[in-house]
Amino acid sequence: MTLDYDGIAAMLRGGAALVRENQDLLSRLDSVGGDGDHGATMTRAMGCLEAVITADTTRDIKSLLHAVGWAILGVDGGAVGPLLGGFFMAMAPAAQGKTTLDAAELATVFEAGLAGVLKQTKARPGDKTMVDALQPAVDALRSAADAAATVHDALERAADAAEQGAKSTEGLQARFGRAKNIKEQSIGSPDAGATSISLLFRGFSRSVG
Amino acid sequence: MTLDYDGIAAMLRGGAALVRENQDLLSRLDSVGGDGDHGATMTRAMGCLEAVITADTTRDIKSLLHAVGWAILGVDGGAVGPLLGGFFMAMAPAAQGKTTLDAAELATVFEAGLAGVLKQTKARPGDKTMVDALQPAVDALRSAADAAATVHDALERAADAAEQGAKSTEGLQARFGRAKNIKEQSIGSPDAGATSISLLFRGFSRSVG
Amino acid sequence: MAMKKLINQPEALVSELLEGFAIAHEKKVRMEGSNLVVRAHPKATDKVALVTLGGSGHEPALSGFVGEGMLDISVPGEIFAAPGPPRVLEALRKANRDAGTLFVVLNHAGDVLSANLAMDMAKTEGLKVESVLTHEDISGGPRNEPEERRGLVGCLPVIKVAGAAAEMGKSLEECKAIAERMESNMATLALAVSGATHPSTGGVIAEIPDDIMVVGMGQHGEAGGGTQSLKSADETTDIMLTALIDDLTLKSGDNVLVLINGVGSTTLMELYIVLRRVKQGLAEKNITLARSLVGQYLTVQEMGGFQLCIARMDEELLALWDAPCDSPALTVK
Amino acid sequence: MAMKKLINQPEALVSELLEGFAIAHEKKVRMEGSNLVVRAHPKATDKVALVTLGGSGHEPALSGFVGEGMLDISVPGEIFAAPGPPRVLEALRKANRDAGTLFVVLNHAGDVLSANLAMDMAKTEGLKVESVLTHEDISGGPRNEPEERRGLVGCLPVIKVAGAAAEMGKSLEECKAIAERMESNMATLALAVSGATHPSTGGVIAEIPDDIMVVGMGQHGEAGGGTQSLKSADETTDIMLTALIDDLTLKSGDNVLVLINGVGSTTLMELYIVLRRVKQGLAEKNITLARSLVGQYLTVQEMGGFQLCIARMDEELLALWDAPCDSPALTVK
């Protein structure tokens, strides 16, 4: 089983929907050490994503990912705009020439996205940022693909890993983003950005047959 | 019985002392419709008055009154500085050449002071200002002097009249000063400046034998 | 309301703040005599001098208006209290010159009493002084009862245009006429949304419930409605603007200056939003917003709210408003 | 904490405030493209351009620094949120010139991410851009870990001196070197005494108990002691000044610029009292307060407190600081 243009579009929409449903939770988490706007910013980012999909007439996966990334970059939203926008932008070149993606190809595309994020930030797993969810999710996707899982199963394992990664941030002290300013006080509640990523991947997996 | 330089000085000190004892009350009354500083301002004014008496070496009643008035004018204190300072300044010329004052002469001097105040402000009895205490006090002083009262008795009747005048302001609506801005809401508590005048005259009468 | 102010002994408040003020603006002002604020570079003595007086605690007003093209001397009083006549007289003596002195007085009981006493003394001494009284707060009473109207931030345009006229070498009579024309063509209304604490007594200045605002502060509100439920920026602006347009009987084709003066904790962000609406409201009536000024010029400690001042301008007043000036609170190149 | 702000729909906040901002300062700035704030009278294109980006809600910063002798373009974001790279790239393209563009970035995660992405894209397109990062908040970490230090009001002196250098026709390399020299010679510490509300969400920004103050806002306070009991102006100033002098290793004979930036409801009165004490504290160590600036330049809504920024100055930096400029927030004649 592979994902074509419509499959990718559905996957993205599914992720966006679940993130939006959790806007209040995300803002609440961000208000512990941040400025409480993460839910609003993610909602705006996901709105852009949906609008781009609706407007896109290219039927080309690479173009779609690029357009989604550029639109999210354009969301005035602090840290998350460039990180998440950069994530999708970086995925695009890896989808060059592809009309469908199997699990391995999907992993390759996501790995390119992750690499784009890691080029932008020095945050690594353990620093209590979205990377704590994103890195394990992409790793799990690759492992599942290597183990010949279906696209659906691979995305489900990625979502599980993202969820676990997000949960693990609860015990961590923030070393990046605004929350790092409150030091130890950031311990005890999960990172907002990591939670977003976890919700995004769960939404991806649920909407892929 | 007459008041000489020392008698006038004692009278002024007596008034100042009683006003100072009531600083908090005066501020409280001023905070109803004013800015709550009347107690502080009167305390500063009375401090100046005492300092001038201590420093004065003229042994001349006119000079003393002029110096007291000028010093009180110098108190940065909103309405009360010019009014009360002007009161004492205006008294001075009326004491020209006098080494002692009997009740009638005292009434003349106070009348000159009142005239100075009334030249400065358009407020008249009934407008809920210090004039509500000052005008009846001076009138009572004159009546008592006309009726051949002693200086002490004349000042006591003046103090009684000032007290009644101050009390009467409770039912009035302020038409001058900051309190006029709250209109009907000024009704129900006596005017701060009128209360000061009442205390001042009570202190005068108590310290005159 | 807890007082969380960075102060030391309340008694030293004014002298300490003036000390810092003089340090901060040493190129423009300095202290002389009994804490009089004077220009660091005095104006030529053949030009009319401008003097004012007023309580402290309203920074940058009024001493922040001392400088080139504005005031020559300001006499700062204690917190919210007019300075006494001796210091005012000292200022008038210091300003004294053949060209004469224009004395700008805001209509508040203490200021007026002190100013009048000092003026009388100055005139007795033969000094050439004329005064202009500002009273543009429309919530105090109707236009034909000017004594009931307080002087609010409108002192700034009066000082600005009269100061520019003086700098140009106009006579005392001309400067006075300009100041009075400015004064009689302006109207101000104050909004308060939250109170403040008195920095020396710690007492509360205006306690305003959470869902309440007051248009025409300290008033029952013939103009603007007084105490009422909190409204949006646009609704609030509309209420205030309507009252001011009425008071000034502004007509289609008029050119106005709009001054939005934040009194404390209300942000510049909000003041800009209000200005935007003022412009819209004026445009609806075909009135031109010819000039505007937005910021904190005359504050009431950390009180929340602003004063909206509208002034009908003519060509000369506009030119004087645009003239260069250089004071701590306002610099025009 | 009840929100008593004069706003309309939270969604429209930024566009409405920019609309008012542009009206208020129409002689100095105007809006172009995707809400970019540009100079009304553009600088000659053979001179280096200065560009910055940053969240809104800090008025007058950062767009208030656009004008003659200061910034050419500011890219305002949403409330407290950096603008995304597309609008930043648009600004860099608009500024583009042979002389090059100096891009001033404050060290905050969102700003840096957005700036870097836009810079990369601009360079890919062949634009001549150099950037300087401001990070002078000493409460973030030690001097040798600059990435941990946030950019606070120190952006203003950096923009001022680099802007003056650009106006004089200095090259991009020279402007950058000047900006970096200014940057590495300054240190800032923030004090918060009371919190604020987020204008779009209504959420609380920093809840500070009545008897508490926080030195090094949002920090545990290696420098300055962090959360502690409320102190007098002089005690508080001493704590902050000591930490800044230590960080900068200021020595007897040094000349410094002192910038006291009110962040919201703290009055100018208080800021002057603090400046007075700073001057005393410097004098005790034989350090000269060569220049000072006191006022609200980078605010955090109605938060109470201030940022104290000290900068070691040399002759050239002082001359650039004194050079004329004309922006909404700062005019030097």
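To keep things simple, chains are lettered A, B, C and D as they appear, and every chain counts its residues starting from 1.
To be clear about the criterion, a residue touches a chain if its C-beta (ideal position, glycine included) is under 8 Å from a C-beta of that chain, and two chains touch if they have at least 3 such contacts.
A quick note: this is a predicted structure, and the numbers were derived from the prediction, not measured.
Chemist: Using the contact definition given at the top, which chains are in touch with both chain A and chain D?
Modeler: The shared contacts of chain A and chain D amount to nothing, since no chain touches both.
Chemist: Using mean CA coordinates as chain centres, what's the chain A-chain B distance in Å?
Modeler: That gives a centre separation of 79 Å.
Chemist: From the C-alpha centre of chain B to that of chain C, how far is it in Å?
Modeler: Here chain B and chain C have centroids separated by 33 Å.
Chemist: Quick check: how many Å separate the C-alpha centres of chain B and chain D?
Modeler: Whole-Å distance between the two chain centres: 55.
Chemist: CA centre of chain C versus CA centre of chain D: separation in Å?
Modeler: It comes to 29 Å between the two C-alpha centres.
Chemist: Which positions in chain B touch two or more other chains at once?
Modeler: In chain B, no residue touches at least two other chains, as defined above.
Chemist: Considering chain C alone, which of its residues make contact with at least two other chains?
Modeler: none
Chemist: Please give all chain pairs that are in touch with each other.
Modeler: The set of touching chain pairs is A-D, B-C, C-D.
Chemist: For chain C, which residues count as touching chain D in their complex?
Modeler: 2, 4-8, 13, 16-21, 23-24, 56-57, 59-60, 193-194, 199, 210-211, 213, 230, 232-234, 236-237, 264-276, 279, 289, 292-294, 296, 299, 301-302, 304, 306, 324, 326, 331-333
Chemist: What residues of chain D sit close enough to touch chain A in their complex?
Modeler: 55, 77-87, 108-110, 113-114, 116-117, 140, 150, 198, 200-201, 203, 205, 218-220
Chemist: Could you please specify the touching residues of chain A with respect to chain D in the complex?
Modeler: Within the complex, chain A touches chain D at residues 27, 31, 35-37, 40-41, 70, 72-83, 85-86, 120-121, 176-178, 181-184.
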